[in-house]
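Below is the structure I would like to discuss, written out as structure tokens.
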Amino acid sequence: MDLSMYLPRLLDGLGVSLQLTALSIVFGYAIGLVFALGVSSVHRGLRWPALVVVEIGRGIPALVVLYIVYYGLPAVGVLFSNFWSAAAGLTFTVAAYSSEMIRAGIQSVPRGQGEAAAALGLSRLPTFARVILPQGLRSSIPALMGLAIQSFQGTSLAYSISVNELMSQAYQVSSLTFAYLTVYAITGLIYAAIAVPATWVSVWVEHRLARGHS
Amino acid sequence: MPQLITEANELATAGVTISHLSKSFGTNLVLDDISMTVAAGSVTALIGPSGSGKSTLLRCVNLLEQPDRGTVTVGTTTIEAGTRVSDRSLLALRRQVGMVFQSFNLFPHMTVLRNVAYPQEKILGRSRAEAEERALTLLERVGLRDKAQQHPGRCSGGQQQRIAIVRALALNPRAMLFDEPTSALDPEVGVEVLAVMRELAESGMTMIVVTHEMQFARDVSDHLVVMADGRIIEEGDPRAIMAAPTEERTRRFLSAVLER
Amino acid sequence: MEAVVAVLLGLPMTLLVAAAAFAIGLVSGIPLLLGLRSRHRAVRVIVRFVIDLIRAVPPIVWLFVLFFGVSFGALRFNALAAAIIGLGVISAAYLAEIYRGGFATLPAGQTEAARALGLGRRSTFVRVLAPQAVRTALPSIATFLLALVKDSSIASTIGVTDMVFAANTFVRQNPMTAGLTPFFVAAAVYVVISIPLAIVARRLDARLRRSA
């Protein structure tokens, strides 16, 4: 079957998808943490802007974010390549969603923790940084893992701005071979082949975390 | 004192017989060849240390737990362990036996009235009007008629447990099982529930009660069964056993409990 | 402005795709849930596999499979049908999981009490367990709807004339003057739509927490 000629192309696309995923997760979580801290802040000057950015990031479809970065920014003089436009757009979306998850994790830390730290005489900053935040992050891990898998699937949207990731390659290959169903089915299976084991891993991690803790 | 079971055309209460019952959870032998008879209309109190298998034994009577070996007889219905019990037989058995749980288990999304009326409609085929009237009558007898339109969440623990008893009673069971009915309640509140159970006993209901309430066991029950390590170590007249236990194990258990 | 009108013309389609897919998902999720709770291990395993597979493949791939790949003789799905069916099937899988979660948090005592009373399996499920499970699951269902409205934008990639499609078209037709505006308009409409839904979701969540 001549389709096997095209499998390497699809796998090249997969490589690009994985790069996009990695970038969006690494930078997205970091920025998300900053947003989460901003949203939890007592200073209104920090809280409101952070809230607005996060709600916008969560309220706009990822596809629209990608178009805005890709089409819109050249109009204001900022020129990213396709790949980096996609990376920036996906990072923004991941940051917004992860910020909510991290914030929820921080909020879920029992009040008694902060009270115990205060009773010991720890001041606010070390209490937060060494007692609350580590526990909060730990609670957010399951949700963040789910987000990572979704971000991998989200890279498929980069097709719409002509990034040569897996979906784009699939489109090109299917246009060349006319074997639409086969090519897209294989593409779906490639995504699944990564997403399903990743889900198993995340469930396993979630169990391990729960065990050591209660 | 008003009787809780007064309808003349109700079935007579039934006796419960347990014969050579055994059950294991994995490698843990929880019930070891237990045999016990509860005469119709009598009250049996089941006491013993935690892990003795009392609750498991109770739950085998209405088959919430499936015994590995032995038979359970309620009235004229006998279930043999190991044989596949059809859903119909299972339901038939459970409809003859009422159960009251430690955690009440009222249905939170229904009002108190619906909690007591719905099972009657579904299981006894009563009309809604009939079922609700019976429900209100029973609630009145335990002093909770004014709670009828509220949801269980708004009632105290003692009130919820009394409602749970009424819910089971409304189905005209021939025997009632109580699984540590007052363990989740404050002592002052537990008293209300024990009073209802006492009334029920005096009306002639067959009751098997797993409890830590020694006063109730001594004053209300006709028969005391002491369990430990999955076996019955002593049984007989409650007052006699509590005054002078024959077995060392019973002695140790009673002295620890009565000391508190 | 022209851009605003052009984009808003796509709004009905956005809402149609989301609503239709949601309806399909709400209903189709039920048999999937029953499959997950089936007494037969084989059924549970198969349904689990199907749900995981549906959720593992990105929505855009499903839409492309249905639009480009599926044909019944000479007939193919049109873009709208492919989008609604594709998103509907995906919704069914996600909602089945949400339903399952609602049941998973029910106290075991509820089932025991119902069975001890002598209620059969069906009554127990329909009158005792399901009402409580739905109540627990409502906030998650509302949150999911929010996500679905946004995901409906993917339909634009196969030519459904929703807001994103309209924005894209406008930009292509007015390359010099359009700039960011059409996409900002679309973004703003999405945010505005999501506000009432988000408020409802938060209220449901708060009500759930209070009654717990």
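Read from first to last, the chains carry the letters A, B and C; within each, the first residue is number 1.
What we mean here is this: contacts are C-beta pairs under 8 Å (C-beta built on N, C-alpha and C of every residue); 3 or more make two chains touch, one makes a residue touch a chain.
Values in this document were obtained by computation on a predicted structure and should not be read as measured data.
Taken as a graph of touching chains, this assembly forms an open line, each chain in contact only with its neighbours along the path. Farthest from chain A, judged by the mean position of CA atoms in each chain, is B. In whole angstrom, the spacing between the mean C-alpha positions of chain A and chain C is 20.
Centres computed as Cα averages put chain A at a distance of 54 Å from chain B. Put simply, the C-alpha centre of chain B and that of chain C have 46 angstrom between them. Multi-chain contact residues of chain C (touching two or more other chains): none found. The part of chain C that touches chain B in the complex is made up of residues 107, 109-110, 112-121, 123, 127-128, 131-132, 135, 211.
Touching chain A in their complex are the following residues of chain C: 52-53, 55-62, 64-65, 68-70, 150-151, 153-154, 156-157, 164, 167-168, 171, 179-180, 183-184, 186-187, 190-191, 194-195, 198. Against chain C, the residues of chain B that register as touching in their complex are 62, 64, 87, 91, 94-95, 97-99, 101, 103, 105-109, 118-119, 122-123, 153, 164, 167-168, 171. Of all the residues in chain A, the ones that touch chain C in their complex are 55-56, 59-65, 67-68, 71-72, 75-76, 153-154, 156-157, 159-160, 167, 170-171, 174, 180-182, 184-185, 187-189, 191-192, 195-196, 199.
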